[in-house]
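Quick heads-up: structures coming right below.
Okay, so subunit A shows up in both of these, paired with subunit B first and subunit C after.
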Partner chain A sequence: MGCARRVPADLNASPGPTTGPGLRSAPGAGDAGAPVGETWRHAPYPVLVADRRGVLTGLNEAARQYLPRAARGDRLRDLAPSWLAEAHHRLAEARSPGGGDVPAGHLGDRFFEAHPTPAGDGRVVWWLIDRTDALQAETALHSARTRSEMLSGIASTLLSTLNVPRCMEVTASLAAQHLAEGAVLIAPPQGRRHQLTYAARGTGAVQVTQQVDTRSVPGLAEALQGFPPVPARWLNPDDIPDWLIPEGFTGPVGSVIVTPLPGHGVPAGALVLLRSGTEKAFTEGEEAFARLFAARAGAALSAARLYAEQSAITATLMRELLPPKLGSVHGVEYAGNYRAATDQERIGGDFYDVHPGSDPSRETLVVLGDVAGKGLDAAVLTGKIRNTLQALLPLADDHQRVLSLLNGALLSSHQTRFATLVLASVRRGDEGVHLRLTSGGHLPPLIIRADGTVEEAPTHGTLVGALPQVRARTIETVLAPGEICLLYTDGITEARGGPLGEELFGEERLRRALAGCAGMPAEAVVEHVQMLAFQWLRSGGHDDMAVVAIGAARSGGPPTVAGAKDGMNL
Partner chain B sequence: MSDPTTAAGLREALWHAVAEGDEYTAVALVQDAAARHVDGETLLLDVIARVQERIGTEWAAGRLTVAQEHAATAINERVVAILAHHPSSARRGAPRGRVTVGCVDGEWHAFPARLVAEVLRLRGWHVDYLGAQTPTPHLVAHLHHTNTDAVLLSGSIPTHLPAAHAAITACRSVGVPVLAGGRAFGIDGRHARTLGVDGWAPDARGAAAALAEGLTRPDPSRGRQAVDDLPHLADQEYTMIVRSRAQLVKQTLADLEDAFPAAREYSEAQRERTAEDLAHIVDFLATALYMDDAGIFTDFLTWTASILEARDVPARSLTIGLDLLAGRLRDFPRTLRLIGEGTTALRDRAAPGAHA
Partner chain C sequence: MSPLSLTHRDTVAGPVLLVAGELDFVHAAELRRQVEGLVLHAGQCLVLDLSGVEFCDSTGITALLAARQHALAAEAEIVLAAVPAHLERILTIVGLVQVFTLRATAEDT
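Take a look at the complex of A and B:
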């Protein structure tokens, strides 16, 4: 610093009369005629003074710390960083300094903004302001913001699906897109095989299930057992076996991260991130970020697994409660349709079954009923009733007796609900389809005759599961070809809505609609009734709705293949 | 007689069978054709689908009753089902991905969706067919159960477009692309695009081609909502009309009785029919408001007018209904504009007839 003394003495020695045109109009050039003073020497910032030709005419103590070898007479472009020399050149040449950014750049290991003050003699005093800390803060803020945006995008993408394979695809793709060039998700073993999801940057995820040796990858077996991850710098890229390289991943592996996907107590899998040799290796910050990503992915994957397990359980339990698919049995057509009260559920308090007779000469028993209440609790009781009725099938010759036994069974169980139901025994004879119909407190069946007349079957009886004794009256009738007997629950007639909003669909409207259904196949009648009731509804809720049609097939040809529509569950 | 060895001949023969409700003949015709190795896709699209179209046009022209139309459709559905189980319909080509085919909630016309499902199955796709009026919660639950590549959503009646929008938004928010099809989405698919679908196809072959080309999965992190696609919904006119539908119909019915004393003599059934017609107009009006597309409303009105005339009912009642509705909806500028366009469309349509 000893040479700092000799500079200032010469500063005012050559007051140049000529001033660069650009300097006159420079901002803050109101004192453009003023000579360069002395005070700048004591400024706490580095200051450089240069003339129009870019020759250094002075610098202060603070500047000398960064440019220790600078001397008066040196050219800026030889001693100063190029960003500053160019800024000076632009200022000296230009008529105006241009409205652009404040010149800024590095000087040594610090970052400065350079603010010019033109002097009257054409020289420029450059004030350098240290912005290093501000720049670091801005950079840190920017990368934190980018990272949190990325994490929030990743989180909502991961949370969007509850499907396990899809969740694994999404995880691998996101990892290959944001964290590495290639990513492989290794699911916990199923037996001896692992489901593997591969993704390379720019390609879609690919899934395979195969037997692999997880111990051949350093840290992988441990990650799958939930041990803490092995630091990336301990992993030798040459140890990565070929089966771990995603298709589309180019070049030899340069660096690797193996991280567990933490789950609900047990690991949800492990994630391997790969970068090729040409890319820079994973930094510690990136490793930490990869762990954060793995935590999010593991949580999403575990939630998806839990959902899959729960819905598999539900599906198994529900299978027995779902209404059966109906078709044609012993020359008689059956069609049924059911819609549960809530859109979220497929089951409820209405039920129906068709129990085919052991041969065409024996009666087929059709049951349709309604348990008080709706939702799962009601559905569970329908299951009990259906099982009980199945056990009572050998007694189906006597409907009254079946209802009495069912009544006894319901009364002796712990539940307090009651049910209404209709029994129909069906047999095809020479002159048509013979029906025996019995209502246990249920809406009487409606019969659509060939001429469009709609008859109500005059059967009535008490509901089951409420009183110690049940009484019911069985009636008999015959369906001619093309005629239909319709069993339905009150969800249809009690549908509320219509054009005026609050009216019940009602039996009268149903009968009117059925009058137009003469001659339709059973399936079409069922669909038509369901459609009318549904269109009648306004957005408010509705009760469970079930409809079964028993149809005497029209003449011509042998009866159609049983269950032609979708196969029967008999 | 028609030659049942050509597609045209088969079409004619099948039409006669279904129109007469003769399921046995209809099934036998298609089974014979399949046994003769007539291509499954040709049978589905160039025979059965065309017959189904004809059922629709014959009904519209008043030459089939509702019962006949239902019976014919039911037989046609059986024919498709039996064809699906025929050994000749074994899928051809390499297995492709898995897709879900379903109808918009409230949509009962499942036939087009069923055809698409069968065609895709023939082309090697694993198809989950969910059937008519799929409740959107069931559809979304299904997407979580299966790792499906795409949803094919079918809609025939435009009034289901708001429900379709909910389904499309829900599918896309779980990252599954939606391919829409069916008349509800417009003959050029413009309504489908308004609702932000990932693809639209005019028919079953188009759907197969679009799937083969591949649909881009939507980005679920964008969290789009209905109002992002349809900013005009912010004016609340759609919401108000839908919420006050019953009241609006009631008031308009009363206005009708004030203006036309003859209407006071209506029987209960006639009165209900009139209320249903008004409710229908309000539903289409609401849909046009939802989509901000007058074409939905004017197409419905001119189509209804032609249906009425085919049954010898004067279409003038439609214009009267519109005038009365407009009287009740003075505070809704977008609604009034739509009603105005509806009236104009009915008038322009009637004009050529007046000269005849």
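Take a look at the complex of A and C:
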């Protein structure tokens, strides 16, 4: 029972005329030669007087309350708790009040510190100061500190993941580790099923999704709806349905807490904490702590759930806005590459599409364009343009009409946000690939001939979406095997960098580079152009960049209709 | 990059805005704001002197289109003066050379 405690400074400083150091200024104290007087008999604290051999020579009324059978002449070792007897023995041997450690221990059901005052005749007066309440306060403070440390640890663990299932696992595991022997997290229903996360102390979390009757647990249905927590209560073990008992939970259920996990406006689920009959029931403090824990867990869970929802929405939208993968269609090679202006965004204001003809005798429509502006706003308009063009596919025989109709559709919604684009209708013929090209205010396509000459397709027209009328001129050309038609956006030619850092890549440089690409397959040309533009950029930022190459493959004529049934071979 | 500089003066025929520097994503909005703040009367002519424009991208074109919109709304005319070759090439590509009136100098001769 005994222990030697270093008394904290704040406890020594507590008020009271006879506590701690105050004793040393009492009459007689500090004067080892003074005889033991009689005033101690009236002290309001238990006082014992013992001689050098440990024989009790006196005790006051207050001491008698705790040691009713003590009498003068008894040995301390027999009547007093061992911590006090040993402290007296040490003091008698050392003939000094000793170091800073004040002897302390229990006497009956109270906790005392013992302060000695040595007298001249070798006797020692032991003043016993009741520290029970201070000890309780200290214990409470310690446990509050432990909990707050635990809570902040829990919070950082919980917030370190934005993955919903992981977040639920962490919550259940932490709860089973710190709050109860078993924990079950019940997520809000999806349809008629709940995702359940079980954890028992010392085991990992287990997740299952199943249909359960939440009304079978008193308070659970309410907690799932976010009603105020149901107080902890003794539950008849028969009231706990089997599905609520985590695997690895030992013994019958003793006490249970059901608490909601409050989310952002909507409940994030409910947490059930279970303790077996052999463990203590939840105290009021523990229940409050459980609610605090639930609040943290609920906030973390809803953050994770919101994030999951938003990233799913973003992913869905992005999928619609991302450029397609290109391959070979009806004996014509297509290759494309796209780089959004910012590395974080995979979408932007440039776009391209390849709409395969229904059979090899029909034209495939290729579109590449650029919406003024950057980022998501621009990307949304590219989506609108791409959808509109898809609807206009049956009219693709007449590029100018397609551009006029697109212009009308864009004018109605966006005032000055315009787009420029190139339409290319492509069909493989016997002598090569037939192209019809129309620029709607876009950079004219470049054609790499087999001999290395680079031609600018002499098509021009008005940008779309800004003016009431648009005009455009369509040109026709044929690509011999090995020749390439390149559609690109100004992100390539306006790439700024080079040896001086401020120079534009420019159309001239692009043409010279393309002259060296004669005979290369479409994919290689696209990669080469992207690589050159990127090398030119050095570290600076850049606009969206899109490149599409249309190539007449060297080998093979038009494929059979059957082989092209799917339209595109990726 | 040289930033955009805008100098405004009034003539009998209408305001003249000297535009110099870069009409890019960062700076074009400035031209747009300034133009939309100009008070134009019916029959006046807004002249944008573009002799000092070093670079113009799609947002620059947007600003020019907004200027045109602003002039038309006031029943005024708009003239692009002293357009550098590189900008004229861009205006040709996007099909705006027919839409805008281009003039060699800012002075009405």
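Worth a mention:
Keep this in mind: the second predicted complex is superposed on the first by the 316 of 570 C-alpha atoms of A that agree within 3 Å, B and C clash if a C-alpha of one lies under 4 Å from a C-alpha of the other, contacts with A are read in each partner's own complex, and residues count from 1 in each chain.
Just so it is clear, a residue touches a chain if its C-beta (ideal position, glycine included) is under 8 Å from a C-beta of that chain, and two chains touch if they have at least 3 such contacts.
Everything quoted here is computed from the prediction, not taken from an experiment.
With both structures placed on the common chain, the touch criterion links A:Ser156 to subunit B but leaves subunit C unconnected. When the two structures are aligned on the shared chain, A:Asp490 is found in touch with subunit C, with no touch to subunit B.
By the touch criterion stated above, A:Thr203 is placed in contact with neither subunit B nor subunit C.
Judged by the touch definition given at the top, the superposed model places A:Gln177 against neither subunit B nor subunit C.
Touched residues of subunit A, counted separately for subunit B and subunit C, are more numerous for B. Looking at the shared chain after the overlay, A:Glu502 reaches both subunit B and subunit C. Once the two complexes are laid over each other on the shared chain, residue contacts for A:Thr214 go to neither subunit B nor subunit C. In the superposed model, A:Pro444 makes contact with subunit C only, not with subunit B. In the superposed pair of complexes, A:Gln400 makes contact with neither subunit B nor subunit C.
When both complexes are aligned on chain A by C-alpha atoms, subunit A residues 502 touch subunit B in the first and subunit C in the second. Subunit A contributes residues 152-154, 156-157, 160-163, 165-166, 169-170, 307-308, 311, 343-344, 346, 498-502, 512, 516-521, 523-525, 527-528, 531, 534, 538, 554, 556-558, 560-561, 564-566 to its touches with subunit B in the complex.
Across the complex, subunit A meets subunit C through its residues 349, 370, 372-374, 415-418, 420, 439-444, 460-463, 466-467, 470-472, 490, 494, 502, 504, 543.
Across the interface of their complex, subunit A is touched by residues 1, 25, 55, 57-59, 61-62, 65-66, 69, 92-96, 98-99 of subunit C.
Contacts from subunit B toward subunit A in the complex involve residues 21-25, 27-28, 65-67, 70-71, 73-75, 77-78, 81-82, 85, 105-106, 108, 132-133, 135-138, 141, 143-147, 173-175, 219-221, 223, 245-247, 249-250, 253, 269, 272, 275-276, 278-279.
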